[in-house]
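Take a look at these structures.
Same chain, two partners: chain A is paired with chain B first, then with chain C.
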Partner chain A sequence: MIGSVSTIVRRELLSLFVSPIAYIVLFCFMLVNGATFRFYVGLYGGEMEPVLVSTFGGPAFWFLWLLIPPLITMRTFSEERRSGTFELLVTSGVSDAALVAGKFLAAWVFLGLLWAGVLPLLLLAEAYGQLDWGVVASTYCGLALSSALLAAIGVLASSLTQNQLIAAVLATVVNLGIVLSNQLRALFPPSAIELRFFEYVSPPYHFARDFSQGIVDLSTIVLYASVTVLALFATVKVLERRRWA
Partner chain B sequence: MIRIHVALQLLLAFWIVWVGNAWAFRHSWRIDLTRDQRYAIAPETTEFLRALPKRVEIIVPYSFGSSAADRIRARVFARAIRTIEEFELVNPYCRLEENLNIARDPLRWESLRNEKSLGSPNRIYLFAGDRRETITFEDLAEMRETPNGPVLERERVPEALAAALERVVHDDAPRWLFSQGHGEISPTDAEPRLGVASWVRDLAERGVSLESSDLRQGGAIPDGIDVLVVIAGGNGEAPFDPFSSEVRGDVERFLDRGGDLLLMLPFYGECGLEPLLAPMGIEFRNGLVHSGGGDAASGIGSIQVWDYDEQHPITKRFRFEEDKIELNSFRSLVVTPPAIPLVTTSPDTWLEFDLDGVHDASEPAGPFPVVACLEGSPDSGRGRVVVFGSWTPVLDVFHRSQSRRLLLSACDWLAEREGPTVGVGRVDASDRVNLTADEGRFWFWLTIFAFPGSALAVGLGVWGLRRRA
Partner chain C sequence: MVEDARSEWTAVWLLSLEQRDRLSEASCGGDAMIEVEGLTRSFGRQRVLDAISFTVPARQIAGFLGQNGAGKTTTMRILTTFLPPDPISGAVRVAGLDVTSHAREVCRRVGYLPESVPIFPELRVAEYLRFRARLKGLGTRRVKERVGAVLDLCDLTRVARRSLGVLSKGFRQRVGLADALLAEPEVLILDEPTSGLDPQQVAEVRRIIGRLSEVSTVFLSSHVLGEVEQVCDQIVILGGGTIRARETREGWTQRLERSGRLELLLKDPSAGAEKRLRSLSGVTEVAKEGGRFVIASSCDVREQVFALAVERRWTVLELTPRPATLESLFLELVSDEGVA
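This part shows the complex of A and B:
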């Protein structure tokens, strides 16, 4: 199982990195992050605490957070199905679970590499000042958890359709729903249980309250990890559909 | 059949996720990774929060500009809001009711201000039943000016919040009596130059019940008074009329039955309490303490505090040499045991007798104690005494920043409400990046062109290699 998973991860990452697409995405990603980071450094007079909060919580961050994962995951199963390699893959003795895990891990690793592209900016700031690396660590913890969730949702969306565009749109809509749940908080009074629920499931709230402030909460870890596993489990079940006929 | 089986599997998985999250929702376990453990709550504060006797609602209305100082204030308030949320996780009875950005919702601010009788924005308001407490930026942190602009010097957000919480949940309202009849400043005096409204408001927000009484009439200080306040300022036209021996006798009996005294001296002359305080170790000198380096134009009596008693509850929250309290028109005290000198001026101060701002040979050199206190003795039954060498700290024009902290700290001690100690706070390790114009340009090219460009260059290299292959 582990051998199959690592083979799939390698294959997926190789196919990404031998094509220029990965580098173009990385270029765009670093450009947007570099520009916003430089902008915030100027805006906050070099105070790194608000710069970090804004870089990992501003509009550009949420734009990338929403759009990039579906673009990466849209081809995972849709492309295999469209090109006919999917049947080849499932008849090669690889289990559905290993297939899903491999595809998911490859997407997650790639998302991780994209976010690692922000690290040179932080190292630059460290060279000129004193960055709070605890806050950076918690932020990256949040990024890792949320990227896993988004990758799992993207993989699930891709397993549902042969059309890459539909897969991307589907995943984006779900991601958008998750982000916009934060806005629903405003509809409820401070003591309402609904407010607590939307706070609990809202990534913008998690980043604003915890991750970008240097705090890691067990409940957030449980939420992201469990929903990620649930989405992957659902993906496996979707792949099993072919046996139902 | 298979479909039902799969649906059941999915339902079971969903149920497990739901139960797991319901458990996590109720069992918050948080790790603070910040460098200075900014949001970690001290065990004694956690204990206090868990035992909070009543519900406390907290409102934080804010409206900060874009100046560097305002950005720092906004940052500290953001930390305070985060800390209140951490408190709320310990005990939901400590509730952040409203966190209001006034610029975004001015109408809400107007309605909230009327509904809760709020004062200025950029304060933290705590309500517990009919009690209220206010926290300002100065309570939370200190800012320092540098050539590169203001910097956050120190912050004590969790401690200040915990102390305010403790004050606001107290049920008993200490009764303070302002002595009148000798030219003392009245707590209701609205005259701008002699106004004490800020201090009186601070006391009221600390739950102090304020009364005033002409001590010449009837003599005795009413029973149940906790603190006697004597602001021996004179009324601006006539000097302070010293207490008679009868009034002094009343004050002595008040102290003997455990009452506390806050005495703020007149600029010159006697106050009438000398024979009472001398055996306790507190005497006053004539002349006003003046700082070296100043001149007559800078204002006679403008001094900076040099030293503090680092052990005493009133002053242990101040830092030696760093908390430069600006005091005005202070007399020097002569303090001997059992009294304790709390605040001392620098060695380059001297006593001005002729008020010409020049250190003449006949004018004694510092340092001078200017604030002193006397701990109440359980044996004698006597209460606490705090003597300020001047009445100016109560004035609105001087009741700010560090001198306000000092006075309120003394008031808290007199009211026996030191609460969870608000220490000097943590030095805020500056994470500011100061860039010169050249460095700013370098950053621009590096962040927007060099870093992304290097990713693109690698991609082009891979593409070229594949084409060649």
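This part shows the complex of A and C:
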């Protein structure tokens, strides 16, 4: 199982890096992050705390958070099914769970690499101001958890269709729904129970309340991990569907 | 040098197969490597396979013939566990293992070449084969050994470092075949293995398949009737989702002889000649083609025709057997099907 998963992860990453999409995504990602970081450093002077909060919680962050994972995951199963390589993969004795785990891990690792690319900016910033590395660590913990969730949603969307574009749109719509759920909080009075629900499921709220404050709440970890596992489980079931169709 | 390496590889494979044979014989208790009993498969309301049954004994090459849409690829996909049979369907076993309940074990024992070889264009040939070998569960040392062996066997060594995306169809087909052979499968399922190849490549692939039958059971589908006739020990004809015929090569030869026609050219044939020929026992049909009588029969009627000609004082100018071809027999067998 582990051998098959690592083989698939390696192949997926290799495919990503020999195709232009990885480099286009990397370039756009670094450009947007670099520009916004520069902007916030200029705006807040030597004050690093608001710079961190804005870099990992501003509009540009949520724009990247929404759009990048679907671009990475859209091809995972769609392309395999369209080109027929899916038939070869599943008839080589690899379990559906290993296949899904491999594809998911590759997407997750790639997203991790993207966010790791922002670290040099933070190191650079530390030369000019005081940086709370505890907050950086909790923010990266939030990024890891949310990236896992988004990668799992993207892989699930990709397993549902042979068309990469539809897979990307589907995953983006779901991600948008997750992010916008935070806006629904405005509809409820501060004491409403619904408000608690939307706070519980809203990543922007988690980033604002916990991760950017140096807090990693166990309930948040459980939420992200369980939804990720649920999405991956659903993907395995989608793949198994062919056996019962 | 190359021949030495190949025979060495074949010997190694034979040895390891002997060990596995004992295991598979223990599990299936017999000689059949592919057993299909009452296989049914539907897509929606359309029944593509309707209770088909056949077996392929170990170390034989079986050819699967049928028109487009007859259900060949569906059958092969079921044998490779990619598709399940219908829930009410009969049993399908490969190497004694049920394809539904032991899907992963079946996959490990089967080498599969799909109809249009799907590949990862971004990978190089050797890289792709290494990836496939690892996926099939081969250890690091075995990966190196097996990749080298199949590159050699399928004559791919000179393109091992080339990207799959730039290879010709012939080479891609060979890469697909090399992939199917990586894990030393007991059963090889080849869907149209020579489609799109030039005559030289076709001959090469046939030669490889012929050699493989020494160590594996081969089940191949083809549109090329001559190929099946030349290569296969057993021929199964599928039409309209049912098995129309299933014979050994010798059986086909006899069937072809039986299905032959006899051409008779008479000098000034009398008006009743056709009727008298039709009355001979065993004659099923008499047609007149350009002055010649073409006699179809269920047995050899040459002697009877000769005796009739002597009796009726006909002058026989020609009496020529016209043997049936696999093509004519195939068309006859599938002619009344509703194409699935």
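The working rule: the second predicted complex is superposed on the first by the 244 of 245 C-alpha atoms of A that agree within 3 Å, B and C clash if a C-alpha of one lies under 4 Å from a C-alpha of the other, contacts with A are read in each partner's own complex, and residues count from 1 in each chain.
Note that a contact is a pair of C-beta atoms (placed from the backbone, for glycine too) under 8 Å apart; a residue touches a chain by one contact, two chains touch by 3 or more.
Predicted model, so just to flag it, every value in this text is computed and none were measured.
Once chain A is used to superpose the two complexes, chain B occupies space next to chain C without a clash. Judged by the touch definition given at the top, the superposed model places A:Pro59 against neither chain B nor chain C. By the touch criterion stated above, A:Gly46 is placed in contact with chain B alone, chain C being left untouched.
Once the two complexes are overlaid on the shared chain, A:Gly177 sits clear of chain B and of chain C alike. Once the two complexes are laid over each other on the shared chain, residue contacts for A:Val18 go to chain B and to chain C alike.
The partner of chain A that touches more of its residues, comparing chain B with chain C, is B.
Angle at the C-alpha centre of chain A formed with the centres of chain B and chain C, after superposition on chain A: 170°, rounded to the nearest 10. Within the superposed three-chain model, A:Thr85 lies in touch with chain C and out of touch with chain B [touch as defined at top]. Figure legend note: chain B and chain C, brought together by superposition on chain A, show a least Cα distance of 8 Å. Touching of chain A by both chain B and chain C, each in its own complex, is seen for residues 18-19, 243-244. Interface residues of chain C facing chain A in the complex, by the touch rule stated above, are 77, 80-84, 103-104, 107-108, 110, 112, 114, 116, 118-120, 122-123, 131-132, 134-137, 179. Per the touch definition, chain A reaches chain C in the complex via residues 3-4, 7-8, 10-11, 14-15, 18-19, 83-85, 87-95, 242-245. On the chain B side of its complex with chain A, the touching residues are 2-3, 6, 9-10, 13-14, 16-17, 20-21, 23-25, 27-35, 38-39, 68, 71-72, 75, 82, 85, 95-98, 149, 429-435, 439-440, 443-444, 446-448, 451-453, 455-456, 458-460, 462-463, 466. Residues of chain A touching chain B in their complex: 17-20, 22-24, 26-28, 30-31, 34-35, 37-38, 41-42, 44-50, 117, 120-121, 124-125, 128-135, 137-138, 190-191, 196, 200, 209-210, 213-219, 222-223, 226-227, 229-230, 233-234, 237, 240, 243-244.
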